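The two complexes that follow have chain A in common; it is paired with chain B in the first and with chain C in the second.
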Partner chain A sequence: MKNKLTPIILFIFLTFCFVVFYKGLNNSNTYTPNTNHEKNIPTFKAEDFNSNVYLDSKNIFGEDIYYIVNIWASWCIPCRKEHPLLMELSKNQSIKLIGLNYRDNLKNAKMFIDELGNPYAQTLIDKNGTLSVGFGAYGVPETFIINKNKKIVKKFIGPISKKTLEEIKTITK
Partner chain B sequence: MKILKFLIIMLLLMGFSQLKSGEKNDEVKNKILKNIRCLICQGQSVYDSESDFASSIKLIVDSKINEKLSEEQIYEYLREKYGDWIIYHPKFDKNTYILWLLPILLFLFGGAIIYKKKIKNKNEKSL
Partner chain C sequence: MLANQIGYYSLVLGLLFSFLLCTVSIKNFNDNNKKINLNVFTLSFLQLTFVVISFLSLILSFVNSDFSNETVFNNSHTTKPLFYKISGTWGNHEGSLLLWLLVLTLFIFLFLIKSREQPKKYRILTLLFQQLIIIGFFLFVLMTSNPFNYLFPVPNEGLGLNPILQDPALAIHPPILYLGYVGSSIIFSASLAAVTQNYVSKKWGQHIKKWVLISWIFLSIGIMLGSIWAYYELGWGGFWFWDPVENVSLMPWLTLTALLHCIMVLEKRSNLTSWVVILSITTFTLSMCGTFLVRSGILNSVHTFANDPARGIFILIFLFLLIFISLVIFFLFHKENKKNLNNFFWLSKETSILINNWFMMYFLSVVLIGTVYPIFIDVMSAEKISVGPPFYHKLIIPFLVPFLLFMALGPKLKWIKSKIEKKNSLIIFFIISVVLTFFILKNITTDLLFYTILISATLFLFFVTLKDLFIQRFENISQAIAHFGFSLFILAILFNSILSSEIITNIKVGEKYSYSKGEIFFKKIKETKGSNFNSIIGYFKITDENNKVVELNPEIRVYNQPIIITSEADIKTTLLEDKFLVMNFVKGDEYFNIRYQVKPFMIWIWISVLLISLGGLVSLFKNKNEK
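Here is the complex of A and B:
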């Protein structure tokens, strides 16, 4: 009886290992964060890019509309690539685009905006990256959609494309 | 003169205790940073990394310690922002119970087999 049971147990164990590892082969070996998870927006005080006045997050996100938060920096090459799409997005009157200038030199950031145009209704300075951590960001560029209930409903890691632009438009309709 | 001496000793003691609490904070900070994964690095903790992401997290942890948040509250804050993956030491919940219990079950199972074999050998020898 014992001799019969051992190969069966061994077979079940090896099959289990095979299934686990075979399934693992299909998984990506890089970390893919959950971008659809609803989260509350952080509460913070941040310096305004143009007026250098400190603003409260409650006042920044005070209106009953959709907000798009875009994290950018003048040294970030993909930000330059997505900028024309942000300019297009800024024409949409039903949303408000908030820029978060990430770990940047203010002079270079202003030159960047002067050169490519300003899509943001408001730009905030995130000198040490802690504001971006509050949003759950990994780096630049990243874009967040905030709904009327002040929840982050979607985040886009990396530069936005025409496809993501359409997705943003659909969500914020 | 005595009062002056007393005041100097008190000031020195106060400075010493502040130094001690600073050291303790550094110890806690390093312990936390070593348990946080740098999400944009390859196999590095935030403690080991010099990336922008890691330095922002270091500042956040520093400010949370100054706000007197406990170690678990800091982990919870980071979990809320980035999910369970950011912490190296996973917490025990419905998604991780196999991870925690499987080694114990395997250990008990193996132990039971060894114990059974030993008893059997003993019985055979006594016969």
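Here is the complex of A and C:
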């Protein structure tokens, strides 16, 4: 009895592992929190990337539209990969892209923007990374969708893909 | 361009040879001939040759910077130094899989010519199982990750290799690691063949032990090289981060180590056969599992580059197919020797090896759970978690104490039955260890009890094995070296973690920074140009409490393709300690952020791993003298 049971249990367990891994593959590296966990955007003051003026978060997210917050850095290789998609997204008039330059060297960051183009309506400097943590980020790149009530409704971990781009577009319509 | 074609068609030919080999050897399996058909050797050799040709043509494409090849385009650049052009061949997904194939075919060929005294049917079955794996990988390479994809129009310049991968230790790390990692495939195939032939015996144990040793040695050194890379290149001042990719190489090492010990029981007492077979299967399965985790992009890690679900699904299905096949074979064919099943006397070498196995299994489960748990949680509850070093430390360190003690005492026991004799020397060593540890640690750590227990256990192993090394002469010398190496390894890590110190500050040129134990003087900076980067070198003079002066010149490199900034730490290594300085830009250019670390006994960590591997090497050549 015992000898027959072992293979069966093992078989069931391995099948379970297979299913989990299989699902894990399709999950890829982006992840979205449950929508009922909508979070308010943090209030903060941050330095502007171009003018070095300190701005208040109320003014940054002042308009009655959808905002997309993208955390990036010049040293982050996946950011380079998602940049063309952000450029495409920036053509969309109904939303505003806010860049958070995460723990970066300003000079490199400017070079990065000069080379690949600037998709951001506004870029803020997040020198020590606290701002990004406030948003609930784990690392770079990450992208947040903020609705008209100034709540974070969706979050993407890792570089955005064509698929997530479509998702962003449908949400912000 | 031509190299591209040659490489691709060699691969296709290699796959054809797999099918040919299978047909010929199945025919050969059923005939009455006592020897293996010569054609089998020829075909296996030809297959190896074509994989080598394919590999060489990829190297050639890299050396010539032939950007009509997509792999070269994605991972190379004309300004890259030649050495890194070559190592770039296996520094990417496609090339590394080609390396897999190379090792797989090389090992089966070597196996065929080195196992002449073994039964014919067993050898042919091993070949067939290995070909199953080889065919799987051929299909994987050709279908999802062809290294010879053609690009048109031909780009003028490549995208470059990630600069953090441009490091000598990392250049040789993959081939060495793969020899161990993929080398375990032969153990897998051979054990399945032996199970079906009911050949898991003393004789088989003696024969397979060499292959286990070879894999184990390469795996140990390969893991060490990866860790050296992390230490020198990542510049975080650590050498092991419990990163999933590191864990994935550690897991087969743990099972292989357990297997190595079990084989000895099999070889001497023809027992523990189930253990041996299961460990052989698990080792290779874990290697495959590692490839799956790293290559599919299912894990978030510094090492994962490819993120292609199609590849992931292929390896996943293939991996589970292999697991199911091997389990079916195991449950259908394996017969445990009922006569002396598990009736070991409690105080014997067999029991101590069994205990070692359970320790290894425990360590393995900790690492395995820590690595795959985040994936499971992610799938079941859509929550992201990451498992960090504290998890591993909390679960592993307490168990090191009994483990170390068993490691010192186990080899002293005799086979079959051992008596408790008065071992004065052991008791004396134990007392010396405890007292010595107490006096060393008294003034340097606050966590006295914890470290005293841990270090006394290590020192005990250290003294016992040291004595063995000098007194026992050649009997069990390999065991003594390896266990001595392990004690040195743990000692180095422990003292390193207790005595390390770190200073972080912002400093500008010409400034002096004084701290409790010395002074850091930032003399000047100099800008230079390398072949594919510009660099800023800082000149620092550091005076320590004994007025000893060290000059350290860390570097910040700005690579041109892709544009990436790396901090090259400057490390001065002596036998007693490493002095480690790394600098980074701070906004405003004038100030630099520096991190200065003193890390004692760093070099002993590498030396001890080499010693452990040396133990394996000695065992490989001194097989006959062991008791």
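Note that the second predicted complex is superposed on the first by the 137 of 173 C-alpha atoms of A that agree within 3 Å, B and C clash if a C-alpha of one lies under 4 Å from a C-alpha of the other, contacts with A are read in each partner's own complex, and residues count from 1 in each chain.
Just so we're on the same page, a residue touches a chain if its C-beta (ideal position, glycine included) is under 8 Å from a C-beta of that chain, and two chains touch if they have at least 3 such contacts.
In this text, all values refer to a predicted model and were calculated from it rather than measured experimentally.
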item	value
Touched partner set for A:Y54, first chain B, second chain C, both or neither	neither
Touching partner for A:G136 - first (chain B), second (chain C), both, neither	first
First, second, both or neither for A:F13, with chain B first and chain C second	neither
Partner chain in contact with A:N128 - chain B first, chain C second, else both or neither	first
Overlap of the chain B and chain C footprints on chain A, listed as residue numbers	31, 33-34, 138
Footprint of chain A on chain C - complex, ascending	162, 292, 296-298, 300, 307, 309, 312-313, 316, 320, 323-324, 327, 331, 375-376, 378-380, 382, 384, 386, 562-565, 585, 587, 589
Residues of chain A touching chain B in the complex	31, 33-34, 37, 39, 103, 128-130, 132-136, 138-139
Complex contact set, residues of chain A against chain C	6-7, 10-11, 14, 18, 20-29, 31-34, 74-75, 77, 80, 105-108, 111-112, 115, 127, 138, 157-158
Residue ranges of chain B touching chain A (in the complex, touch as defined)	39-40, 52-53, 55-57, 59-60, 63, 80-83, 85
